[in-house]
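Next come the structures, one after another.
There are two complexes below, and they share chain A, which is joined by chain B in the first and by chain C in the second.
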Partner chain A sequence: MLGVAIAAAMLLDMVMLATGMRESFRELLLSRGFELRLAPKGTLPFDTDATIPGVSAITEVLRRNPDIREISPVMGASIHIPSGNRDVSGSALGVDPSVQGDYELLSGRDVTTADAIVVNDYLLNQLHARVGDTLNAATGYDPQTRTYSGQQKLVITGRVSFIYGATEQSAAAMRRETLEGMSGKDKRDRASLFMVRVRKGADAERVRDWIETQLPNVTAISIATALAQVDARLSYFRQLAIILGAVSLFVGFLLVTTLVTVSVNERAGEIAVMRAIGISKAHVVQQIVIEGVGISFAGAILGLGLGLVTARYLNTILSAFPGLPMAIDFFLFQPRSAWSALALLIASGIAAGVYPAWRAASLPIAETLRREAIA
Partner chain B sequence: MSGTIVSLHAARRDYALGAERVHALRGVTLEVARGDYVAIVGPSGCGKSTLLNLIGVIDQPTSGTVEIAGKRVDAMSDREATSFRLHNIGFVFQRFYLMPILSALENVALPMAEAKVARETRQSKAADLLEYVGLGDRQRHRPSELSGGEQQRVAIARALANGPLLLLADEPTGELDASTGAQIISLFRRLNDDGTTIVVVTHDEDLASAARRKIHMRDGRVVGA
Partner chain C sequence: MHLDQLQRVSGYGDRVDRFAAATKPSADIARTIDRINKVAFGFKAYRSRDIAVETSRTFQVVSRFHRAIGVITIVASSVFLLCIMVLKVEERRRDIAALRLIGISRASVVRSIIIESAVVAVLGSVLGVALGWAASLLVNWHYQALYRTPLEFSIVTTPVVAFAVSLSLLLGVGAGLLASLRLARTPPLELFGR
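Showing the complex of A and B:
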């Protein structure tokens, strides 16, 4: 039974793994309600250092489409902050706080003034700083001469959690104009990314097509496009999950077949007597198959608990991969996954029971009883 | 007694045992009348159980004919034979082979459920049968909670569930001590007195002596009746 439970747990984990990361990514993309992202032509958001010039002009163009509700240009840059005699570096986002979709404020206040900065807990710990402290932040640092460029005094006004941030990643956000000012002339009126909300009921794909027609220097990525790209990148995980899931199902099938075979062999006399007193072959098979399903079901229930514990443990390990957003889960529990695993196990229980059951029910009655009597 | 219920004519049964051919029955001709109580006796391996299996329609003769209540049963399909056994034959074996997860009442009701007898009718009839075999107070007990003698009495009640034409028993006292065996012998006697036709295969002299008629077998042949 433990073997069946382990196979069931592995099957559940593999079903969760096959769909979990994609679903988790979808939830992440949808979490702030931005259906479209605009990146420099041919790139993914923040995939390269490339930026989109002409933020004001692009915003003007986008506002012309009545299906577009909100536009949030985001500037990305590196940030360097001296702390004691060392340099603490991280990533910084320049945002419009009224429409930003990159972080959640945990405490304090948002970047309502030009000298405000909000930081995540990891950066706060690196700096041994607190909300209210003033930082001397810079966008450039030369480690040879230990000199900073684009430096500005900023006050930490709040603690935030970055939605797309990795576990051990120092990150901060400030107003976009502040970051532009620190980054120099080259980065004026530029954005690394635009996030776009469409009106309720509008077709995001149509808006995406419209944007690409109007703005040839950007790539517009809808949730569906992003998921297709994620699918392509995660195909290895999915294939691995499908193979391991199939192996677990097969192992479960073999275990149930073995258990049912051992059980019917032990009860060959009992089965022969059932047949002798007039119980039909079909009913004997049905009874044995029910036992197989019962074993699978009990294994599945045990396996569900075991699978969830294992999935949580493995998720903790895999989520610690550098550069992965904290909100991404490799193993995402969805009732559909549990039902799928249960349905597969019950189907395999039925399949596993049919052959030994049919064999047992087809044994010659007289011969079996004679053998049993001798035994 | 009126009429013949079992009729075998020149019944042979051969088995392949590895490369050898075993002649378990070598042309048995036999009749059992309705209401009779017959004990088949003889040394081990003489073909007693094989003969009982042919009468019980759980085996078929290599040649010859077997008729039960005027119906040829020697060439029935598996489905026909199963249905025939369900409605016409009651079996009692040396080992009781009760369903361990079912109560005594449920074990007795099992053949009736297969025969699609209504739930209430089978519950009530199973209770009556258990009462008849002296286990009216043990209906809810599982086989593991019953003694060997009690389990055999449940098996007898199960064999009677669908009102069979014929009750067949293969060494029914073989696993019981003398006093429990005596109770089963007495129960068989009572059943026969109440009109049940019984054919029993046994080594038990007491059980054989309780029968109205003894058939002696040796080397696959009937040598005396």
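Showing the complex of A and C:
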């Protein structure tokens, strides 16, 4: 039973791995309700340092489409903050706080003023700072001459958690105009990314196509497109999940077959007696197959708990991928996964029991009875 | 293109992102790094090996994951192997009872089962190594084409084969021992069902 439980646990884990990343990423993208993202042509959001020029003009074009409800331009940059005798660097987002979809405010207040900055806990710890402290943040740092450029005094007004932030990543956010001003003339009226929310009931793919015809210098990415990109990049894990899942299923099948075969061999006499008193072959086969299914089912129940524990452990390992958003899970438990794994095990239990059952039910009755009596 | 050409085209001037330095075989690397760092501020020297470790965090995560999957697979296989051995030995309980009744000692019975399981383990290992080598070729062929890289994703080395065979032998012998001890301790007549 333990062997079947372990095979069931492994199968459940692989089913979770095959579907978990995709679902987790989809939930993350939809968490703030923005169905579309616009990035510089041919790139993914924040994949490169490229930016999109003409934020005002683009916003005006986008507002012409009645299906577009909200537009959130985002500017990305690096920031450097002197702390004691060292430089603490991190990433900064320039946002419009009324429509931003990049962070959740944990405490304090949002960036409602030009000199406000909100930071995540990791950056707060790096700086040994608290909400209310004033920082001297800069967007440029020359390590050779140890000089800063684009410096501005900013007040930490709140603590935030960045939805797409990785673990151990220093990050902050401020008003987009503030970051633009710090970044110099080159970055004026530019954005790294636009997030677009469509109105309820609108077809996001149709809006995406419309945007790409109206704005040829951007790449519009829908949830479906983003998921396809993720599938392509993480296809290795899905393939691994399919292979290991198939192996687990096969091992479980072999084990149930062996258990049923041995059980049937031990009861050859009993089965011969049943056949002798008139019980049909089909009925005998049915009994034995039900036994096989029972073993698989019991193993699956035991395996469920074991599978969840090992999935959590494996997820902890994979969550250490550099740059991976904290909110992404590789092993995401969905009831659908558990049902799929159970269905596969039951099917394998049936298949495992059929052959030994049929063999046992087909044994010549008289010969079997004589052999068992002598034994 | 040449460095000076790229510097001109990018407007970078007389600057570079990094230097790579090769030392003489007899050089003291630590002292060389120290001397370079003392030349001027604004840059830092590292061993190439340390940079490789730092920038290969992705591969380290994947390695840890593979190791964890490997451990889970070994545990699952061990349990499976033990189940099969117990069942197989149970099937031969009457044979074992007969051997004990004609005077064959417990130790001899246990020894014969262990030898049998060791042979099965060795044969299984040989087949497993062949399968593993073929699978490794297939993995490299597939992923090198998929990611368009000459990197090898799976390498079968002598230490890896030695480890796999040793572990297989150990687990096989262990499973045989556990399975046989249970029956060897049972009185022969009880094994006959009397």
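Here is the rule we use: the second predicted complex is superposed on the first by the 375 of 375 C-alpha atoms of A that agree within 3 Å, B and C clash if a C-alpha of one lies under 4 Å from a C-alpha of the other, contacts with A are read in each partner's own complex, and residues count from 1 in each chain.
Note that in this section a contact is a pair of C-beta atoms (placed from the backbone, for glycine too) under 8 Å apart; a residue touches a chain by one contact, two chains touch by 3 or more.
Since the structure is predicted, the reported quantities are computational estimates derived from the model, not experimental observations.
Undergrad: Is this a clash or a fit when chain B and chain C both end up on chain A?
TA: They fit side by side.
Undergrad: Draw lines from the C-alpha centre of chain A to the C-alpha centres of chain B and chain C: what angle do they form, to the nearest 10°?
TA: Once the structures are overlaid on A, chain A sees chain B and chain C at 70 degrees.
Undergrad: A:277 contacts which: chain B (first), chain C (second), both, neither?
TA: In the superposed model, A:277 contacts chain B only, not chain C.
Undergrad: Counting only touches as set out at the top, which of chain B and chain C does A:82 meet: first, second, both, neither?
TA: Touch partners of A:82: none, neither chain B nor chain C.
Undergrad: Looking at chain A, does chain B or chain C touch a larger number of its residues?
TA: C
Undergrad: Who does A:140 touch here: chain B (first), chain C (second), both, or neither?
TA: Neither: A:140 stays clear of chain B and chain C.
Undergrad: Between chain B (first) and chain C (second), which, if any, makes contact with A:269: first, second, both or neither?
TA: first
Undergrad: For A:369, is the partner it touches chain B (first), chain C (second), both, or none of the two (neither)?
TA: A:369 sits against chain B, while chain C stays out of touch.
Undergrad: Of the two partner chains, chain B (first) and chain C (second), which one does A:7 touch, if any: first, second, both, or neither?
TA: second
Undergrad: Based on the superposed arrangement, let me know which partner A:294 touches: chain B (first), chain C (second), both, or neither?
TA: neither
Undergrad: I want to verify one number: the closest Cα approach of chain B to chain C after the superposition, in Å.
TA: So the smallest C-alpha to C-alpha spacing between these two chains is 11 Å.
Undergrad: Residues of chain A touching chain C in their complex?
TA: 2-3, 6-7, 10, 142-146, 235-236, 240, 244, 248, 251, 254-255, 258-259, 262, 265, 310, 313-314, 317-318, 320-322, 375
Undergrad: Under the stated contact criterion, what part of chain A meets chain B in this complex?
TA: Interface residues on the chain A side: 269-270, 273, 275-281, 283, 364-366, 369-370, 372-373.
Undergrad: For a test of understanding, state which residues of chain C touch chain A in their complex under the given definition.
TA: For chain C paired with chain A, touching residues are 41-43, 57-58, 61, 64-65, 68-69, 72-73, 75-77, 79-80, 82-84, 87, 90-91, 94, 143, 146.
Undergrad: Along chain B, where are the residues that touch chain A in the complex?
TA: Interface residues on chain B, with respect to chain A: 49-50, 53, 56, 58-59, 78-79, 82-83, 85-87, 89-91, 93-95, 97, 99, 110-111, 114-115, 158-159, 162, 170.
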